[in-house]
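Take a look at these structures.
Note that chain A is present in both complexes that follow, paired respectively with chain B and with chain C.
Here is the complex of A and B:
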């Protein structure tokens, strides 16, 4: 099939949404399920044009809702096709019913998320609550911080999710606007490299009339636990595959990512930010400025949240005195009364002999940029806690306090 | 882009000279994609329909089963009645999951990833899925014209969950969500959604038809016509539910004929080429609705006025089919000429104790 065979390695200036569309094209997806909602829509617009131009041979379906998008993806993946879909904000939640059935039937559907706040009140900005609310449904999940990383994550996620040892769906997330709509240089690979990296999708038990199988029959209560255990094990077992695939990716494409956390200027740091997504780009600048002033601050960016790299997070965060979790999500009534990242980080640290102080920052809410002076303010709060040996309170709403 | 042409199946239409008559054609296909041994109730209309449908389709077929009786009662883990691939999907995903299967096969065959003739892709949705929660997904699949057949096996209620009213439950039908009582003596007050007509009117490029388990050859031929139609097709099939309708189990096929003979379930086809309804199907005889109602416990509470209301409804259906109404049916639409159901007083007393 003459889909991307002519492509040679080249650098283009594109935004995160288009980078995701490019990745789907390089993966030679068979079925695409679209439904409009900002900001992820731009990915589907780009794919529609690729199909119209004859650059990509895929069934492009404009669904009647996100629920239908995910159902289409489920049906197509169950039949043996490589499937790509996506959404944002309340769209992610409209499809909620399908997340468990898709991972439960072990269909490696790929979904692109460009984050958007949930309603109320119809805010366009990026907040990670949309995808995070589905984090325990059996999908592999992680955030990119720029367009290049988004492109790379999509390719790696296909390879990981479709691996016979894993067979799980993937949510490949990026911040709405900060990543999805900001253009930057993205290196697009030679199609031969992708061919070498990503073998064709072949599910072991597709819906094929020559080998009849029944998917998802009704079960008795005692038949439930073994199936749930298998799914839990697939999630655990994916960790080795994730590491393997990141190594292979580095060999073929020359870009090496730590699959779990990125550490930035953590050498000799006393206090660190712990966060995911696009605001980490601003954090890097802020940290460089503060380091120049002699403040011992660093950044630990979580790249994969499901499966959660518990041991790695424990080992990395235990090196510091204070950890400031930047949430960019809502966890109303959660343990910190802030976001949901705090609880996962604290759970990882519980078994540590050297537990740092942990404080949660509600920043970037509503899709506001987290500006440099807010990073300085948060650093100040962490340094005060270090001096005091005690946090002032579990959660600070940044911008609402002195 | 070099692509491979998708080859489609063409199924022969069975000989059916007396379509409305009360007898079987013995020349049925021998294939049984839906085998016995499942856990449906005795006399289950939907499973009778399922056997006929899958028999008509043959072995190069994929079945999609949204949640409902035909999922829960048929499949049980490590034991399945399907000899062809089958997948459960969510009750609201009838049309969308099916669309995904169809799209996958279009793409995989075209791109050389799967070799063979395009399979029959059939969705078996109950009326709860088809008329309520999955309506939009089915409309989407029909509108986009995926090459598939979507069947609504219409037992006029949510049966699997314990008999609740759906938008297909008839006026006067008792369900656990539409019980009769002193304030609401008729039980269900609303008339059913005219689902098949909605599908034909809104998706005129599709083959759409109604059928009943009372007329197996007609039903199987419509399955084949729907599958042969290149694009989306929709069938709404009357399938009585012994548990919900409350009748003697051997009478499922009788009810499938009576409902048509009483004018409560018009049998028709929408011809997408001519863009016209075909109302030529005629049952062997015409009867008043009371002959159908009196066999079922779900109508046992009805008073003369309610029966007359249902007769008026049936008469409207006959007129729509272009049938001239005989005098007895016109008289049966007047409550003065009718009596309450024999069990009506008893039913009211039972309802009052709840």
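Here is the complex of A and C:
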């Protein structure tokens, strides 16, 4: 087991990738499974340096593909190791086979995602589709909007995923470039704080020749449903654990996050953006400007999409007249014929007595920034719908319409 | 909360999602009885190795080779003794059809089975008490007429069955053809003596100098015994029907050997001796002639070449090494000389194989050859002396008339050995007479117990095809050779020509056995099963079991079985009592397994019940 060099709390200026690497180091991971793909590669570069410098005592394994990378992670986790891995874009897709087996065998592998648009053609820009396409595979999943939040999410995800009530893998996501490669101030904790927050990992049934067990044997068809039910239970049971852990984190580190949604300037708002990830930072500026002009606009940022906080989303969004979903993902042929987040928002609202109008914006696609004037344009669309009492259309392609 | 109010029934609960105890732990596999995925079921079913099948008395050859390999020599000896009363004899004299049939012969060289048999026979001779015991006396008396291989075998098996056996032997010493037909340098007398002693130890009475027809009559036998086995052999030599055959210096093969064997020979051979005949007895006579002082021995055969001679190729080879000459394609048409043999008149001849006419055609149109000899030994076969036998039991070819069970009509008389096998197509060899004696003894026993006689109908599956075994497991390895005396020294002595295996040699040679079609507890299936679902309390044929509830029928054990005793049987062949669709997704352990009842019985069925 590695021993983190005793460090006092300090603030450093690092990007999201390095923040993730720092989190893995503070979590004292045992095994790192790496395979390069931009933009997440910077995380593995940083970890490689830490291992080489002796800052972190971990097995650093370079795989020959993402499929191998996740297989290594699966095997290492089965042996009882705390495992850190990661990927971006098509790399996430290439490992797809492993997502269900890892969650099905209840191995709390942690995977860092720095988003990248899926091909074709090659595009380094950020889009959430890579990780979102795996959202129903039994992994805990949520987006950070800046490097500090990414760091914090990693630590909390280890604690949640490794909880005996949960034992599920986690995808800790951040936007490529906007978070992964933008430098900002990150407060690194005292190692004693981490020690207090995150106990050493111990799987209840690791592979161990002295105590033989079977992982992932072939089963009878009728044995499948109970296992799926168990996995569904674990996902649901994680919700209470997630809340506990966020409380605990706030107590120890002094930063309190709402585990499910961040509400920004929603007091008295009629229209709100509903979105995930790094573009929320721009959204906050835009909303501040528009509030100064008297427009009743706010932001609801989803922090955890799996497990999806259906009731919480329902309660929050029902307070408003119009909800504008900013997708930053592709859901070709989806209910909104745009992204996939719209359907999740609408599903939460279906049982609400006060359903707002919901409109979807295809913005931040292909890694393009969502600039301030696009937030203003989207706000206008929402306000028009509020005035009209109905939406113009379900999905707007921002930047391509008048 | 969608999972609220859900519950998982006890039978489907596992300790932790996705994780189970190891399959080797007691309860592990119960959780995942994958047996109903199977379409092919592995079944252990021993086939008959070709050696066992070829052996005249069906010795369990693979069985005793396996025991020798494991160092269990006494067990091996006991196994051989089930079918063979005198392995020390056949270990020396047998024409070993087993070795001709041996599958290893198609691969590199056949197993030297006879040498291992001799090793076991000699080991048995050294035991103070034999492993074989007489059966519980059943109060019935049986006479066995003749103490040759067939009589010896029948008496031995009957004693084991509990009969009070008396052997009647017309010669002064017991042994029959074993003693009178086989030279000392092949079978030393003391070896045979020890085997005769073993018969006495079994409680068998041996009366020598008692000749049927002279000292006892048919009526005496009928009156004094509950049953009789006639194993009188072929005692009268055939003649070549040549002019002057009655001259001094003419000898006949079997009497020539017999008198030497009994120590009663007064024969003095000259320097040049001819032996007439091309069979094994002729070869023995030629080699014995050298040992009796002949300088030049020539063997004269009607066969056109050595390959056609009805003799063991090894014996022929050893004879030629000792310097005997061969003359082929000639028949003796007259014995020339003034009262005493001086020469033979030879004509070209060939063996035509005709059945109803003389099988030998002689060309008398060409001028005769004159072949100078001082003695001639005629060894062209024997016939029976059956004057004492009621006519109704005589056949046209001069043998005893029996039914297919060896019985004379509905009497309690049985007959075995050469006296019934002559002309049957069966080679007249020791081991075949032993087998005949054994089978007749068992048939006699059935008649005595009032049971009906049934012909053998057990299907015999003999592996002759090496593709049914996994040859990957058998590296090429040469046969261990038995040491032999050098031809120059042995041709003048009565010393045993072929020497015995050492223990190490016997074990090494037994280790070459493929164990064709028969489980030899190699443990390969146990090791390669990926589940694992092969269980065995210990390494032993018959103790391996497939855990049928878990075996998926992946065939790995079948493919990797070196001997081919594991077979893949289509699951649908065993549909008795099976409701496949009802049980296809059943979790309860055993549901599927119960369908295996028929197959389990199949596995326990003795494959070699012959």
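Throughout what follows, the second predicted complex is superposed on the first by the 399 of 402 C-alpha atoms of A that agree within 3 Å, B and C clash if a C-alpha of one lies under 4 Å from a C-alpha of the other, contacts with A are read in each partner's own complex, and residues count from 1 in each chain.
The working rule: contacts are C-beta pairs under 8 Å (C-beta built on N, C-alpha and C of every residue); 3 or more make two chains touch, one makes a residue touch a chain.
In this text, all values refer to a predicted model and were calculated from it rather than measured experimentally.
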Ask   = Should the superposition on chain A be reported as showing a clash between chain B and chain C, or a fit?
value = clash
Message = Let me test your reading of the model: by the given contact rule, A:223 touches which partner, first (chain B), second (chain C), both or neither?
response = both
Ask   = Who touches more of chain A, chain B or chain C?
value = B
Inquiry  = A:268 in the overlay: touching chain B, chain C, both, or neither? Say first, second, both or neither.
reply    = neither
Query = Counting only touches as set out at the top, which of chain B and chain C does A:234 meet: first, second, both, neither?
reply = second
Message = On the A-aligned overlay, A:63 touches which partner chain: chain B = first, chain C = second, or both, or neither?
response = first
Request  = Please work out whether A:389 is in contact with chain B alone, chain C alone, both, or neither, and reply first, second, both or neither.
outcome  = neither
Task = Kindly classify A:212 by the partners it touches after superposition: chain B alone (first), chain C alone (second), both, or neither?
result = both
Task = Once the structures are superposed on A, label A:333 by its partner contacts, choosing first (chain B), second (chain C), both or neither.
result = neither
Query = Of the stretches 311-319, 455-463, 527-535 or 599-607, which one in chain C hits chain B?
reply = 527-535
Ask   = Can you list the residues of chain A that meet both chain B and chain C?
value = 105, 212-220, 223
Residue ranges of chain C in contact with chain A within the complex = 1-3, 6, 8, 12-25, 28, 31-34, 552, 585, 587
Query = Which residues, counting only chain A, touch chain B once they are in their complex?
reply = 1-3, 30-31, 33, 54, 57-59, 61-65, 67-69, 71-81, 83, 97-98, 101, 105, 200, 207-220, 223
Key: Residues of chain B that touch chain A when the two form their complex   = 1-3, 59-62, 64, 71-72, 75-80, 82-90, 92-93, 95-101, 103-108, 110-114, 116, 119, 136-137, 139-140, 143-144
Remark   = Listed in rising order, chain A residues that touch chain C in their complex are 104-106, 204-205, 212-223, 226-227, 229-234, 236
